[in-house]
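Both complexes shown next keep chain A, but they swap its partner, so chain B is in the first and chain C is in the second.
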Partner chain A sequence: MSKSMKMGMLGLILVIPSFLLLFVIVVIPIALSFVESLRNEAGGFDLSRYQFLFTDKAMRSNIIFTLKVTVVSCLIVLIVSYSLAVYMRFSSGRLVDLIRKTYMIPIFIPGVIATYGLINLLGNHGWLSRFLLLIGITLPRIIFDEKGIIIANLWFNIPFTAMLLSSALAGIPNSVLESAKDVGAGRLRVFFQIVFPLSYKTFLVAATFVFMGVIGSFTAPFLVGPNAPQMLGVSMEQVFGVFQEREQAAAIAFFTFLLCSVLGYFYIRSMVKDETARS
Partner chain B sequence: MIQLKKGLTVLSALALTSSILAGCGTKADNANSNANASSADASAPASESSTSPASDKPVEFSFYFTGSQNVKDMWDTLVPKFEEQNKDVKVKLVYIPSGTGAQPTYDRILAAKQAGKGSGDIDLYEDSLSNVTKGGKDDLWDTLSLDSIPNIGKINPKTMENVSNLAVPYRASAVVLAYNSDKVTTPPSTLDELYEWIRNNPEKFAYNDPTTGGAGSSFVTTSIYKDLPDEAIYSTDPAIQKDWDNGFATLKDLGKYVYGKGIYPKKNQGTLDLLANGEVDMITAWSDMVLEQTAKGQLPATTKMKQITPGFNGGPTYLMVPKLSEKKEAVYQFLDYVMSPEAQGVIVEKMHGFPGIELSNMPQEIQDSFKGVSEGFRSFNIGDLDKEITKRWQSEVAAQ
Partner chain C sequence: MSIQLSIRDLSKRYKTGEGVSGISLDVNKGELITLLGPSGCGKTTVLRSIGGFLEPDSGDILIEGRSVVKLPPEKRPTSMVFQGYNLWPHMTIYDNLAFGLKIRKMPKAEIRSAVEEVLRLVRLPGAEKKYPSQLSGGQQQRIAVARSLLLKPAVLLLDEPFSALDAKLRHEMREELREIQTETGLTMVFVTHDQEEALSLSDRIVVMNHGHIEQIAAPQDIYDAPETLYVAEFIGKMNFLKGGAQGDKLVVGRMEFPNAKHLTGEVVVAVRPEDIILEPGTSQAAGLPGTIKQMMILGHYAEVSIDLGDHGIIRAFQPRDKVKELQLGQSVNATFNKVIAYSNN
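Entry: the complex of A and B
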């Protein structure tokens, strides 16, 4: 056996466990729920469950609502986290130290507790509204509204995203930045031509994480979201647990999976491009 | 060499992931094995006592029950008291946390019967009216008589008649109007008066999302069946659905006047929170939750309850003895104890539920605390139509 063949064998053996794991806990459930979702009320197979997703008025508004909340949350999370990461990377001082020490705290607070905290803080009779009332401002409705879900998503996602991005930014050597400055590049030019391209890949990873986390979220949308339209996760639970229509719930789940895989496709494509460029 | 090292790292990472995943697996299994675990707990002291030199071996029977933590706490208090008085009987408590396995317990009894295996080692079972009726049709429950359980005589005879003596209603709770008596001086006493109050006091009334809790669901069901014949609430016939239109139209219209112009908080607790922080002045709620939270100070002391006529949904929780159980004598002894005023007092204190026996058998102060709310509720028994109501509510009322 040649050496390269040996290495190839070893590679295969190493891949098999993770492949099996993936197969059992990801591929099979997806396939099963896809089959389940094709079953119509009469017991036959067709696309009626998917047709319902797009023809039922309430369901359609659920999908639009979910996408809207997800996209808005993603944009705000990425903008805030990236600014935070850039600020932490290129500034110094006591404020930066303080931010660096504290920005991870939300990660360690359980989701349900944080959500109830938000309800107490931002509710109609919450602390914030009581403070604002003193200076004569009435707080708009945040809890039981999409604003509440978005704020909760920010709380849950910003710390981790900022952590990812700041580790990417930390990987950019100072020498590169300094030499760019030496040849006369302005701050904006350094950012757009060096800093952003060098952290672009991590940015994409972060975007994928946030998107998938938000689109499948349940706790916060369930507790602080409106009764209708609902996020897909909440609707899925209702269809499955209350209406007990397993096939319809499977269809929603599979549709959510498709939405996520669109983003996954772009992510993988950029990874593959990168790999081929390297070799 | 480097490659190999890399391989090792990957391998160890894999091992780690799979062990973590395995950990998750056992956690998920926990709920299922819980029943076994708790039965093991319960059987341990029993086997100890059987090896002790006591002459008679006590009869041990298994009692399957489900519910929230407060139900478990209650039985954990009651059973030792019973065992102290009745040395010859041991109760093996098997707690099925709510939402995980009530249906399977029923299915187990049925399956054991069909397989000719007696009662499947389940000697006493607790559930709501729907499973009492269901088990009546499947001929699963033993008919209970006054001779074997004298304390049955303290129960309202009509309640026993409703379930053909197949089950003992040992406690009850009902959905009531809970209101802040500082703000509301004359609470409504009929559904029409309630609608009027809601329209006159915009955003001061809330009921919870009926898909997430019984208090809201009861308000919705009561509204839908308002103008229907009295016996409609016992009908599971889908043909009745066409008569729901009026009720849904009312609910849709009320949407403009309820809290937040159409916000229905999640879970029974969601509306209680709103009442507690003063955002609303009146809600529908379970009587036991209101009593418990007022006692603990989570709700202001000015919180009062009122049942309307015709009443909201409510009803007893029942204990049933599987017909094929081999330890009926011991179970009867236990049931007789549960229905005694002493045990009922514990149930009232622990659960804030209404006693299963008639109030006149209870001490005066307990009678007083239930004034006006312990009667007048109705037991809806509409089977799967419940699901249709929530579905239609979601699409017509919530998403209007």
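Entry: the complex of A and C
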């Protein structure tokens, strides 16, 4: 056997376990739920479950609600996290040091506990509303509303996203930025033509993570979301557990998967484009 | 000759207590001046202050007669080449070079020809479409120099630009930079800790130590007449012996030299290895008697170590022919062509 062939074999052997794992816990379940989602009430195969998704009024509003909450959460998370990361990278002083030390704390608090904390803080009779009542302000409805879900999403996603973006910004050497100033670039130009392009790949990774995490989230929407409309995760659970409609639940699951793959596609495409441009 | 850059009593102290103080320096138009000193002596601090990346505590910096200390880097008529990571990795070489010109709103056609011309100057024609990662370290630094040249700065600042390159390449880059400097007549401030680089490249050298300037002079003068003991020790090889000053005479062993600096009492006498003459035998002649400890042939010359007893061990450079007359353990008489004396405190 030639050396290159041996190396090839070795590569193959190394790849097989992860490939198998991917197959067993991702590909097969998706394929199975896809097949299941195609089964209609009469036991035959058609797209009626998907038709229901887009024609049923409640379902349609669930989808729109999910997309809205996801997009709004993603936008706020990314804007806040990126600003935070930029602030931590380029500023100095006591306040920044404090933020650097504390911004990751939410990661270490279990989701359910944090969610109940939010309910206690922001609920109808929570601390904040009681405090605001004292000075004559009535807090709008936050818990059991989309605002509650969005706030919970911020809590869960900002620390990790900020950490990811911080490490990307830390990877940009000072001299790269100083060179830009040196040739005459002002702050804005340095940001938009140097800092952002050099961190946008990580930005994309972060966006993908947040999007997928939020669109498939369950705990927060279940505990602080409204009864209707619902996030797809909650709706799926209800269709599956309460109405016992496995096939319809599978259709929702597969649809959610498709939504995620759209983003995945753009992500992979931009990575490949970058690679080919530079080699 | 007009003064292009003038630094007046510049001081900068970091929170750690380190920094520079009392730096004053005039650089002539078209001059290549080098800041030389060991790592941590404050070279980068001075350079970054000129470039605007650091705000000095006190002092003034004038370029073409105008104070620039209040200006941010992007507004200063300077350009800086850093030690490494100068280029923007997500841009092609063309975009890297054109970036500053676009900011200056130069027409596209002009940018194109300027980039082409400067790439020829730095010997990388046709590199426009490449990315920095596709170039070697030396080529990347050439592009960084090119980018600065395009902006026609009043002063070009270079902070150990070649220190990450291997010795041979460093040598080549040095020569190229000197050629570019002759061709463009640009005023340059070059920072290095490598004295060979400084001696071979500069019109004048500024020797720095612990945040202050020890001496400013042409390379030859720095070498021949180091003003302070520190410079004498730092530049080239040097032997140090004890001597005495008596009136207008310096006495080292049985040798006498003129006491040019009018020193008194005990002095430190410095002598370059190439200024030592060795004669076999201990005669009654003037000089210092010693024995040969070691001989190393180093190409066209040899380094000979001589034990002078009370005066310690000195090293002398001798021509190859001369070494043939000498043997290990042999008694010799050492005389000095010239010495430099320093007061003993």
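Note that in this section the second predicted complex is superposed on the first by the 275 of 279 C-alpha atoms of A that agree within 3 Å, B and C clash if a C-alpha of one lies under 4 Å from a C-alpha of the other, contacts with A are read in each partner's own complex, and residues count from 1 in each chain.
In the analysis below, contacts are C-beta pairs under 8 Å (C-beta built on N, C-alpha and C of every residue); 3 or more make two chains touch, one makes a residue touch a chain.
Note that the structure is a prediction, hence the values are computed from the model and not measured.
In the three-chain model built by superposing on chain A, chain B and chain C fit together without any clash. Using the contact criterion defined above for the overlaid structures, shared-chain residue A:Pro197 touches chain C, although it does not reach chain B.
Shared-chain residue A:Arg189: touches chain C; no touch with chain B. When both complexes are overlaid on chain A, the residue A:Ser61 reaches chain B alone and has no touch with chain C. Judged by the touch definition given at the top, the superposed model places A:Arg141 against chain B, while chain C stays out of reach.
In the superposition on chain A, A:Val176 makes contact with chain C only, not with chain B. Legend: residue contacts after superposition of the two complexes on their common chain; A:His125 is shown touching chain B, with no touch to chain C. Of the two partner chains, neither chain B nor chain C is touched by A:Ser92.
With both structures placed on the common chain, the touch criterion links A:Pro226 to chain B but leaves chain C unconnected.
Figure note: vertex chain A, arms to chain B and chain C, all at CA centres after fitting on chain A; angle 140 degrees, rounded to a multiple of 10.
Residue by residue along chain A, chain B and chain C are tallied for touches, and B comes out ahead. Put simply, the nearest alpha carbons of chain B and chain C end up 20 Å apart when the two models share chain A. Overlap of the chain B and chain C contact sets on chain A: empty, with no shared residue. Listing the residues of chain B that touch chain A in their complex gives 3-4, 7, 10-11, 14, 17-18, 21, 209, 211-212, 260, 262-266, 277-279, 387, 390-391, 394-395, 398-399.
Residue ranges on chain A touching chain B, taken from their complex, read 7, 10, 14, 17-18, 21, 25, 56-58, 61, 123-125, 141, 144, 222-223, 226-229, 238, 242-244. Every residue of chain A that touches chain C in the complex is listed here, in rising order: 173, 175-176, 178-186, 189, 193-194, 197-198, 278. Chain contact summary for the complex, chain C toward chain A: residues 51, 53, 72-75, 78-80, 82-90, 99-100, 103-104, 131, 133-134, 144, 147-148, 151.
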